[in-house]
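Consider the two complexes below, in which chain A is the common component and chain B and chain C are the respective partners.
Right, the complex of A and B next:
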């Protein structure tokens, strides 16, 4: 309970800081005023300049966090997340391909297809002779698929005109610059729908956590449940990628951080904690990206990379020490 | 007259091309404690997994009340038959009560809150295994024997007329083995639960079972009451073991003394 309050407080603080701090500082009072009145500096920053970016960051962080938690619980491995396993890179590749080819379809559709194709490729390549997919093989094959998708994205980028290539480069790093309310509503709306679908599957996730045989004995249809959970996880990640690009490491870090903050143990609580932690990290990383170098807006992915890469290295070292890798 | 509800007919089981169980037709008596015995690799666990529908037979069927278990709804089957596999996975930090509660899943509506009955079944299961005062302890702080009893409480909370356990006493010392087998037999005697276990220890199986299934390298060797199944001939067939069978000085059940 104390942990839950702490996370909510942190989330509100992150939102407030992110709305206030930047090249121009806006106090909480002005923001409060702007919430209720349509004019003045508070309204400008809340409704036009910073609000949409913060809303998009919240949504993208939350969906990526939940996606990471799903795969980490499902595969019982802290390294299993859609960014490490190449799903977000696949989603990014499809989106950039769709945009560069000038196909007039919504970006989330491309990112969803890209994420699913990447996940399908990972599963196919990682399946051993007995028809099962050892978690570690999935992760390593996923790394490979991710590298391939990233390289293919770079290739497409080089074929673009200079201006668009710069834009694409930012997006592929993971960017929340120039987001409008359309982006925020898109990620929050799709995220809410997928969260509802996930809520219906939490029980099977809680059983799968006990091992496949016991879960089956308790009434779970194993392949079907796993498939649906993985599908939901990929779509959640793709929803985040569609508005923020393949933001690295959010999905990897959110669940362990969230569980540590709230102390949640049941998958339902861990998914909610991961969503909150993902949102906090993304909002703060976006803030840091805007405020780190005055006059220059870094892509938020640079910040999550600086934060996430050391965590990944620490995780790898620990896994090797405990013999899990 | 014992009723027979759980049966196998022409059951052939195997992983890949190798048949571990070949053309097995047999029955498991209702409301009794049955132990499946046999040497390593003879397919004891494989048979148990097939009974619980965890393994699809390459030929033949497992029927419950005349119905092929594969034709039953997954959830409906989970309300009738529970299985505790050999090495379930304990989620990090989970407490005893949190673990047991997951055993109620087949009985709960999709978005229903916890009913008083669900919670009562959980606490009753915990009391039955002697962990009534340990429900808020994290599972990984319990001793090996307590932990195994917690897992058993989970399948007891599932509240099924059939309870299957794959080597529930492995890794336990003798006292804890006796504890586990005693509580399974209590459950059987009190609620009429049909208990089917895979066991390694022949003497304990003879003490605690009403019915034995003895498998050998070439399939079923014998099935029936412990006195009939555990004969010197059958042991030779199943294990290639020369042994003497004498009455257990404490219980009078057959006791195996290798020569």
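Right, the complex of A and C next:
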């Protein structure tokens, strides 16, 4: 309970900080005023300047965090996440391809298809002769698929005119610059729908975590529920990629951080805390990207890379000491 | 005799590099351009001033990266080791950009001088994080250590590049990762360093083989594991630093070449390194030529070509690893 309150307090603090700090500082009182009266500088910052970006960051962080938690629980491996396994790179590639080819379909559709194709390729290529997918093979093959998607994205970018290529590069790093309420509502709406779908599957996720034999004994149809959970996880990640680009490391970091903050054990609690932790990290990373260098907005992906890479290094060193990896 | 096939392939790749392009040059004309240069013949100028530097750059960079991959795979006993994937390119990028940021200078020689310290730091770092000191560099661990280091360094590079235009210019020039600007790069100096690296690699090879038998056995044979490992990392740095100064960041070449070379060389490391040099140069030249032809008159950077070919090779090797050998 204490942990839950802590996470909620952190989330509110992150949102408040992110709304007030920037090129122009604005106090909580003015924001409060703007929220209730709908006029004055507070309202401008809330409605137009910073609100949409913060909303998009919240949504993107939450869906990426949940997606990471699903795969980490399913594969029982802290390295299993949609960014490490190449799903977000696949989603990013499809989005870049769709935009550069000038096809007038919504970006989330492209990123969903790209994420699903990448995930399908990873699962297919990692399947061994016995028809099973060892988690470490999945991770390695996923890394390879990610490398290929990244190379293909670079290839597409060389064919774009200079200005568009710079824009595409920024997007592929992961960016929340110039987001409007359309982006925020899109990620929050799709995210809410997918969260509902996920809530219906929490029971089978909890059973699958106990082990395949036990889950089957308790009446779970293993491959069907695993497939549905993976599908939900990929779609969640693709929803985040569609508005923020393939942000690195959020999905990897969110679940362990969230579980540490709340102390949640049950999958439902871990999914919720992963969503909250993902949102906190993304909002704070976006704030840091805006405020780190005066007069310049770094892509948020640069910040999550600077935060996430040391975490991955720490994870590797720790797993090495405990002998898990 | 074992060298006949790789050498023939390399000769073919070299001729293709000189002959193919937006303007294709017939083979007899290449010969004339090299032996009896005629200043008024545009074909001769294309061959001599544009494609010949490109050929030399491809030879030096490709051979260096092939050898560096072979040494890294032997040192880490890991078939997925590759200087580019392990963050050595990113290390070079980081020091180049940092130098440009602090000093505000940019030219070929400057880039070359700065790429070595970064390559050295990154190769040491990835080896240490990946568990090299304890002799436990499993594929998953080493690859992830490389990814983490790559991500960290490239995030820092983006942050620097976005704050300072000079740094951006330097980075763009270097990261273009192609052989196209070979004639403005310090080809001669870098080729010399690469040659020194190649010589040291061949000298070091027998000791690295002893090390591969296990550090206990290596000590018994009178070698000191720590020194050999440092020596090998120094050689990797020389070779990779030279290659990235000539051709920009190129990944996956060091991954693909050694397994091919092993089919011909068997498991003698000295032979493997020599054949890796030949195959590395051949594949880089062919990839570069293909990159010039596929979407002509535009060009696909050779670094993108090697990544498009190399990523499937990475998956193929990863699939063949037994689960027990992964950690």
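As a convention for this text, the second predicted complex is superposed on the first by the 323 of 325 C-alpha atoms of A that agree within 3 Å, B and C clash if a C-alpha of one lies under 4 Å from a C-alpha of the other, contacts with A are read in each partner's own complex, and residues count from 1 in each chain.
Note that in this section a contact is a pair of C-beta atoms (placed from the backbone, for glycine too) under 8 Å apart; a residue touches a chain by one contact, two chains touch by 3 or more.
Nothing here was measured: the structure is a model prediction, and the numbers come from that model.
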After the overlay on chain A, what do you see for chain B versus chain C, clash or fit?
fit
First (chain B), second (chain C), both or neither touched by A:158
second
Identify the partner contact of A:27: answer first if only chain B is touched, second if only chain C is, both if each is, neither if none is.
neither
Contact-wise, after the overlay, does A:134 reach chain B, chain C, both or neither (first, second, both, neither)?
second
Can you report the vertex angle at chain A, computed from the C-alpha centres of the three chains with chain B and chain C as the arms, to the nearest 10 degrees?
100
Look at the residues of chain A and decide whether chain B or chain C touches more of them.
C
Which holds for A:206: it touches chain B only (first), chain C only (second), both, or neither?
first
Touching partner for A:302 - first (chain B), second (chain C), both, neither:
second
Touching A:218, do we find chain B (first), chain C (second), both, or neither?
first
Looking at A:126, would you say it contacts chain B, chain C, both, or neither? Reply first, second, both or neither.
second
For A:227 in the superposed arrangement: first (chain B), second (chain C), both or neither?
neither
Considering only C-alpha atoms, give the closest distance between chain B and chain C in the superposition, rounded to the nearest Å.
19
If you lay the two complexes on top of each other, which residues of chain A touch chain B in one and chain C in the other?
none
Within their complex, state which residues of chain B touch chain A.
49, 52-54, 74-75, 77-79, 81-85, 87-95, 98, 102-103, 105-106, 108, 110-111, 154-155, 158
Going by the contact rule at the top, pick out the chain C residues touching chain A in the complex.
80, 85, 129-131, 134, 136, 138-141, 143-145, 147-149, 151-152, 154-156, 158-159, 162-163, 252, 295, 298-301, 304, 307-308, 310-312, 314-315, 318-319, 321, 323, 326-327
Of all residues in chain A, those that touch chain B in their complex
76, 200, 203, 206-207, 209-211, 213-214, 216-221, 265-266
Quick check on the complex: what are the chain A residues that touch chain C?
79, 84, 125-126, 128, 134, 136-137, 139-141, 143-145, 147-148, 150-152, 154-155, 158-159, 173, 248-249, 292-293, 296, 298-299, 301-303, 305-306, 308-310, 312-313, 316-317, 319-320, 325
